[in-house]
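Order of writing sets the labels: A, B, C and D. Residues in every chain begin at 1.
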Amino acid sequence: ATKLRRCIVSPYDPRYSAWEVWLVVLVVYSAWISPFEFAFLTYKKDALFIFDNIVNGFFAVDIVLTFFVAYLDSQSYLLIDDPKKIATRYMSTWFIFDVCSTAPFQSLSLLLRNHGNGLGFNMLSMLRLWRLRRVSAMFARLEKDIRFNYFWTRCTKLVSVTLFAVHCAGCFNYLIADRYPDPKRTWIGAVNPDFKEERLWNRYVTAMYWSITTLTTTGYGDLHAENPREMLFDIFYMLFNLGLTSYLIGNMTNLVVHWTSRTRNFRDTVRAASEFAARNQLPPRIQDQMLSHICLKFKTEGLKQQDTLNGLPKAIRSSIADYLFHPVAQKAYLFREVSQDFLFQLVSEMEAEYFPPKEDVILQNEAPTDLYILVSGTVDLIVHVDGREKVIGKAIAGDMFGEVGVLCCRPQPFTVRTFELSQILRLNGTSLMNTIKANPEDGRVIMNHLSIVCGFIRSLSASFLLPWLNVGFLSYSFTETAGGRKNGF
Amino acid sequence: ATKLRRCIVSPYDPRYSAWEVWLVVLVVYSAWISPFEFAFLTYKKDALFIFDNIVNGFFAVDIVLTFFVAYLDSQSYLLIDDPKKIATRYMSTWFIFDVCSTAPFQSLSLLLRNHGNGLGFNMLSMLRLWRLRRVSAMFARLEKDIRFNYFWTRCTKLVSVTLFAVHCAGCFNYLIADRYPDPKRTWIGAVNPDFKEERLWNRYVTAMYWSITTLTTTGYGDLHAENPREMLFDIFYMLFNLGLTSYLIGNMTNLVVHWTSRTRNFRDTVRAASEFAARNQLPPRIQDQMLSHICLKFKTEGLKQQDTLNGLPKAIRSSIADYLFHPVAQKAYLFREVSQDFLFQLVSEMEAEYFPPKEDVILQNEAPTDLYILVSGTVDLIVHVDGREKVIGKAIAGDMFGEVGVLCCRPQPFTVRTFELSQILRLNGTSLMNTIKANPEDGRVIMNHLSIVCGFIRSLSASFLLPWLNVGFLSYSFTETAGGRKNGF
Amino acid sequence: ATKLRRCIVSPYDPRYSAWEVWLVVLVVYSAWISPFEFAFLTYKKDALFIFDNIVNGFFAVDIVLTFFVAYLDSQSYLLIDDPKKIATRYMSTWFIFDVCSTAPFQSLSLLLRNHGNGLGFNMLSMLRLWRLRRVSAMFARLEKDIRFNYFWTRCTKLVSVTLFAVHCAGCFNYLIADRYPDPKRTWIGAVNPDFKEERLWNRYVTAMYWSITTLTTTGYGDLHAENPREMLFDIFYMLFNLGLTSYLIGNMTNLVVHWTSRTRNFRDTVRAASEFAARNQLPPRIQDQMLSHICLKFKTEGLKQQDTLNGLPKAIRSSIADYLFHPVAQKAYLFREVSQDFLFQLVSEMEAEYFPPKEDVILQNEAPTDLYILVSGTVDLIVHVDGREKVIGKAIAGDMFGEVGVLCCRPQPFTVRTFELSQILRLNGTSLMNTIKANPEDGRVIMNHLSIVCGFIRSLSASFLLPWLNVGFLSYSFTETAGGRKNGF
Amino acid sequence: ATKLRRCIVSPYDPRYSAWEVWLVVLVVYSAWISPFEFAFLTYKKDALFIFDNIVNGFFAVDIVLTFFVAYLDSQSYLLIDDPKKIATRYMSTWFIFDVCSTAPFQSLSLLLRNHGNGLGFNMLSMLRLWRLRRVSAMFARLEKDIRFNYFWTRCTKLVSVTLFAVHCAGCFNYLIADRYPDPKRTWIGAVNPDFKEERLWNRYVTAMYWSITTLTTTGYGDLHAENPREMLFDIFYMLFNLGLTSYLIGNMTNLVVHWTSRTRNFRDTVRAASEFAARNQLPPRIQDQMLSHICLKFKTEGLKQQDTLNGLPKAIRSSIADYLFHPVAQKAYLFREVSQDFLFQLVSEMEAEYFPPKEDVILQNEAPTDLYILVSGTVDLIVHVDGREKVIGKAIAGDMFGEVGVLCCRPQPFTVRTFELSQILRLNGTSLMNTIKANPEDGRVIMNHLSIVCGFIRSLSASFLLPWLNVGFLSYSFTETAGGRKNGF
């Protein structure tokens, strides 16, 4: 949305894009009609003549218009709207080709019909195929545009190329037969000696039929070259076909490989997990957790997302984390009343993960490394008493767990298991400690919050958790860290 | 095994799965019979008419049934059994298509035969091909199901698609010939002018023969298009074939690449190892150890397994380690009488590895980094005296080795070499030290165990190991660590 | 540019390369003319005879010349110019083949025509095809030469192989027909019984037409084997074609996969970013930053460059960094007057990165980890006051930012956002600190520079930055580091 | 070389391997002759009959022999030589198939010729094709055997499969024509009505010609199906061909991709380096160093070797390092007289690298991180005086450099540049320090050696190196480390 000079159009203007699409439509028409006219029609002043010149007119307009369209400079990544620079750039690149492909050679040929052979002028009209560069450019653009499916874009391109090749080859082959002195010794005349009297439609279909029979290498042989001239054309067409067919197959292989790679990765991962489970005779509960975790990871494409984020520079990642996790983190009881700067530094260390239903997030007695904030879903807090599991609570969105383990350097007091699909923020304990060290005031706020919840847990521990809570709660290491810092400032 | 409402069937119910398989069988029948009836048979009230309507009936039943089948919600990953939601979902997706593909248009056409052209109604019966989406969905399911071999699933799918294409093209091509005004100017009539009097079987085989000759691009040319109508059909069929053939080849390439990738990786790894050994003229004993290690790793797919485990979240990995290694670890002499929590934290740091026969696990005098517990198999303990190897003992399943080196910070006292295929648990020394630091009481238990074995080793050292044991056994670093902690609590 | 003995030519001498290219041209001529002469021409003393012998002469000269060309030893990587070694090497490798392929067997056959069958001698002239190894070697060289496009080199090679196969097969098939006792029962005679009276051009085109019709598996059938001898030849040719076609398709697939891989990676990365943005409903500003960063990274191939550098040994990397970053770094105010050695160690830790316009490099309040030097472009310094952004300054090429955060261990005082495409050097704070520790004198110089800028920032802080600057500016940690070092020396 | 029971043969015995190869030869003969006899020959008591029964005899001998061949148990990886287990294993797997494929059904048919149709017995003789599993097993073995080239093994396999398919299809198609009631309405009879009187060779070649024309989809059409029976056979053959052709192409693609991947990686790496150099206008000297380093790395496959080593367990790596580097390291002056254990721990930390001529290994003033021992080749020691390079010495195989920088924590005193291709051992400074810490006595020995060289360097410094040597040579950090340790023990 940069402001451009008056009279200069941006290449991203939707009206200019529409104009370009319209030109592509005209190009497709030109590409089809040019070889067709060349082979099947006698050129004369009729409706088609007028229509052709109208089409030519549009392209002439475009040549003029190009002088008023800004372009993106490849060095500075800025839109250049200086008319002089625009003109210089165009004149030194496509200008001459565009003019040649627009010049009305056929109309000229009509004027000069008496003075020379029309074939030469018709050949010149083949210059119009230069316009196909627009189609090629459009496909290159579409392939990079993720709004369009890559598979179908690519297929459309391949089908277009194939159809155009078939059409051209059919037309030229007919032209050769049409101009051959002995109509009976031509590919079409050998079957139907009076082919020139046939309906245009029938002749065109026959030419197309021969062309595609050859391109697909079916080669029925009902229509085949009868004279050296046709043989020579066939030799080149078949060589070209060999390349085109290889190219089609190569592209299809490429697409199939890409297409099936996700399913294949999924299968390989699931199989490796299943084989591992089977070989070690893991109990079904663990097996289910493994498989549902893998399935979820593939469904949410968790891996890809992480790669995407890691590829971005730190400032963007911080922006994203701030936008996504700040509202959640500031509602967590531990981080209430802490400074915005502290939270800002903290959220850039957080990671979001999805857990399927019934999966363990924390195991009781595990060494604590992370603390978690529940973004959505529900988790059960479970303790093992006498070998049986007992649900002692539920945590809902906004709750935090694992913080007691991390901040007090204690094994985790309970197992945390998801009840439904849950999104959970994970914060590494070491990162938290480092951030607290750098912001001692906020550390004190957090310690106050923690001492409240400790009271609650201590009361719980009376019934269940006594064995592991009989040592002083706030461990030496935490006190030292926070305390030492306080003195330092 | 979630409880659903009465009258609502789970989509995972085995009876419903059986019903779905039965419908797929009917779909296959429909897909084959529909084009065949269309091209070769005159529709009238006979056995086939009744059979067709019975098949239709089953699909009608399925439409009704679908209103009573729960579905998995893609947001919450829960089975939805609310009839209203089920109905809304079905009505807004496939319902209309299902109804159209089930409506008995042919029976209607029979009633109206006198009043209109039957071709239109026959065309409508092509709507039944919509049912093929069930086959497509089934293949998508099978491809993700690791109980079925991916290669054969994929091949079956490709063969089915090919056969269906051949069948349809053959039928339609026959239809064109059958309806053409001049039977002699048709692809089949040119060879056999009285083809309409031929047996149905012969006509069908001829149509299939033509169809497959064209699809495989063999194109003998004994049967070929004779009129523009057939040429046009051939053009489209050949274009389609070009795509289909590319698709088949692309898929096959994909499968071959995947199939051979394991052998290829194996070869590459073995070759790299052999070349390395040859270039450096390694002695045969080391060379054998390298190759047998690589072979075993590929046979047990050790690499893949480790990747699988690393992809899982920590809690699941801890569960698995606890299940697998706890029984072994608690029998190891060093960990007898330690607390369950300590063991739980320890096993999550352990890794299981396989060693082929005659491979060195530890080398004498090596810097110690890991300790090992033997899960299965036997290992020899070897010392080098005067340049010769002497076996001083054997360790069997449940024994531990390398612990003296790690806990006393001494070079390993003997070489440990496997006698047969052995599974060995590895525990990193640093992890063990960290866990001991966090659990000082258990550390004391371990030190007691260690002092006993030290006595044994010291007595050994009298004969063999004297040179490196003349310094105090329990090294300064270990004492400091454990002692410092003791004071800290 | 090593000095060689007199009379010995370097293989890298441009004149020798020109000679080799000339020989390749002659080889191409030989490869085409040999089968052609063999099949279509009666050998006699005419212009062609003389021309052939001239060509042979060139190859004879090359045999002699080879004794005077140095070669690169594969062990020591040195050019060997000892004539004895050169001769030994040549005699023990290609010498005999080269002589055989140069001997004028055809001229001899002319002398002996009366005494034996000419076919045997003609067969011997096929030995000339041995010369093709030069073409093969040339293609192997071209493929590794990055001045030539891999795709076109490979395509040229494949087309050459295909054309040569077509040419040879056509010639040999004609030869078989030509020598067959019954001309009417040959592939060409069945269509044109008087084919031997046809013009040479027509016969050659017909042979090529048959050959390519078979190679591409089109197989019209207008020309086909008529006797067992031809059938046998066809069997082998078709088997060969099966291999060649597979090889062509395999190569094309390979090229297509490689070709599209960049677009595909780009699409996948952009899609992953877009999906992530859409799922998390990120604000458009962050979304734009993400996408323009990804686009720029692909355009400048930032990833590949980093890989290239990492693959090089440390000394080369240091040389490069010194060459690239030294002039920029020594102009940065912080590093003015520091010693060259200090700068040398510093620049090898720097990394250059490009940032698109409007992208955040540093966010206000972010934890500081890196300092930056602007190489080119402009950046805005922005502070957030009351939730609104305020530009407080601009930095131009040569300016440094982020250093206050890093050296004073403070959150970054302002957001830094690029104004246009900018290249920025990044230096990790820890690396800087380590280098300062090892060079205490230079550390003191830097501190002096820093204290000046601090004064400036403090004056700024009066208006905007007061809230976070009320603590002493030079933080404890930096003082301690530098001070402690000062005492240590 | 394990000792087996008497009468039991090891599967790895070279005589048994020879016997297996001989059987494979017989299998190839059987596979060719069985379809051929079936289609072309009338079975009677002639030389072929006797020959066939001799071949059968060999296979009968093999069935008996198999009971005396040990096998490798897949669980314990041990050779099992218990005759009972061998018998059980064989009886429960291939025994019945082997017996059926060896039974002389044709000889029986000869006895019963009068009483029934010979076709059934001939069909039974097709059971001999079961023997092909031996060929399949042999190819699977060859593919994993790195002594054989993968490409050619795979190609041979594909060609064999293709030829066998062609042979079988040709024979069966001839059989159908031979048994058809109306010889004129068969594929061969339509062209040559008296085909049954033709020579066997001509009939066989014609059948092969048809078969391969169809397989390669050339389909000339001169020979084509004439009756429904042949059409049906063709349909199945063409479907099979579609699969086979896809399989061939898939394999070829796979091989081509693998084949070209090395060249391609090389190109990509060189291009990335060249582009980087061009974009940054690096001076030619650095550019040459980059390119020659990359070329050397690809030639010596340095990357692969490192991967191979990293995949091996620690003990094997230590063995290799000890074998390779011990002789070199103990000759280095710094490590003379140190204990063997110390050296053993040190060499496992070393890495060998190749450097091309004229490449910098160390740059003057670089921060020191590694020390180097020259294994082979020569390096120049260079100092920069007044911006010019001056060679102050040469190091030859066995010399050490960089140790002063590492052990005295000083920037490197001179640039080290290779003179010719050199192999250099690299030892990380930190690893050396850690090993010295663990072996204080050896540390003292090393310090003594170092003080001698320091004297030498100090004397040098008088002329060149004064500026950076004016501080005390043995730096504080090293003294502290070694000294602190001395006290600790």
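In the analysis below, a contact is a pair of C-beta atoms (placed from the backbone, for glycine too) under 8 Å apart; a residue touches a chain by one contact, two chains touch by 3 or more.
The structure displayed is predicted, hence computed values, not measured ones.
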Distance-maximising chain from chain C - centres being C-alpha averages: B
Centre-to-centre distance between chain C and chain A (centres being mean Cα positions), rounded to whole Å: 26
Computed distance of Cα centres, chain C from chain B, in Å: 37
Multi-partner residues of chain A (at least 2 other chains): 217-221, 245, 249, 251, 253-254, 257
Contact graph of the chains (line, ring, star, complete, other): complete
Sites on chain B touched by chain C in the complex: 217-221, 249, 253
Touching residues (chain side chain C, partner chain D) in the complex: 76-78, 143-144, 146, 150, 214, 217-221, 224-225, 228, 231-232, 234-235, 238-239, 241-243, 245-247, 249-251, 253-254, 257-258, 301, 304-305, 307-309, 311-316, 318-320, 322-324, 340-341, 344-345, 348, 435, 438, 488
Residue numbers on chain D that touch chain C, as the complex places them: 155, 159, 162-163, 201-202, 205-206, 208-209, 212-213, 215-222, 245, 248-249, 251-257, 260, 263-264, 266-276, 280, 282-283, 286, 289-290, 293-294, 297, 353, 355-357, 359-363, 365-367, 369-370, 409, 411, 420-421, 468, 476
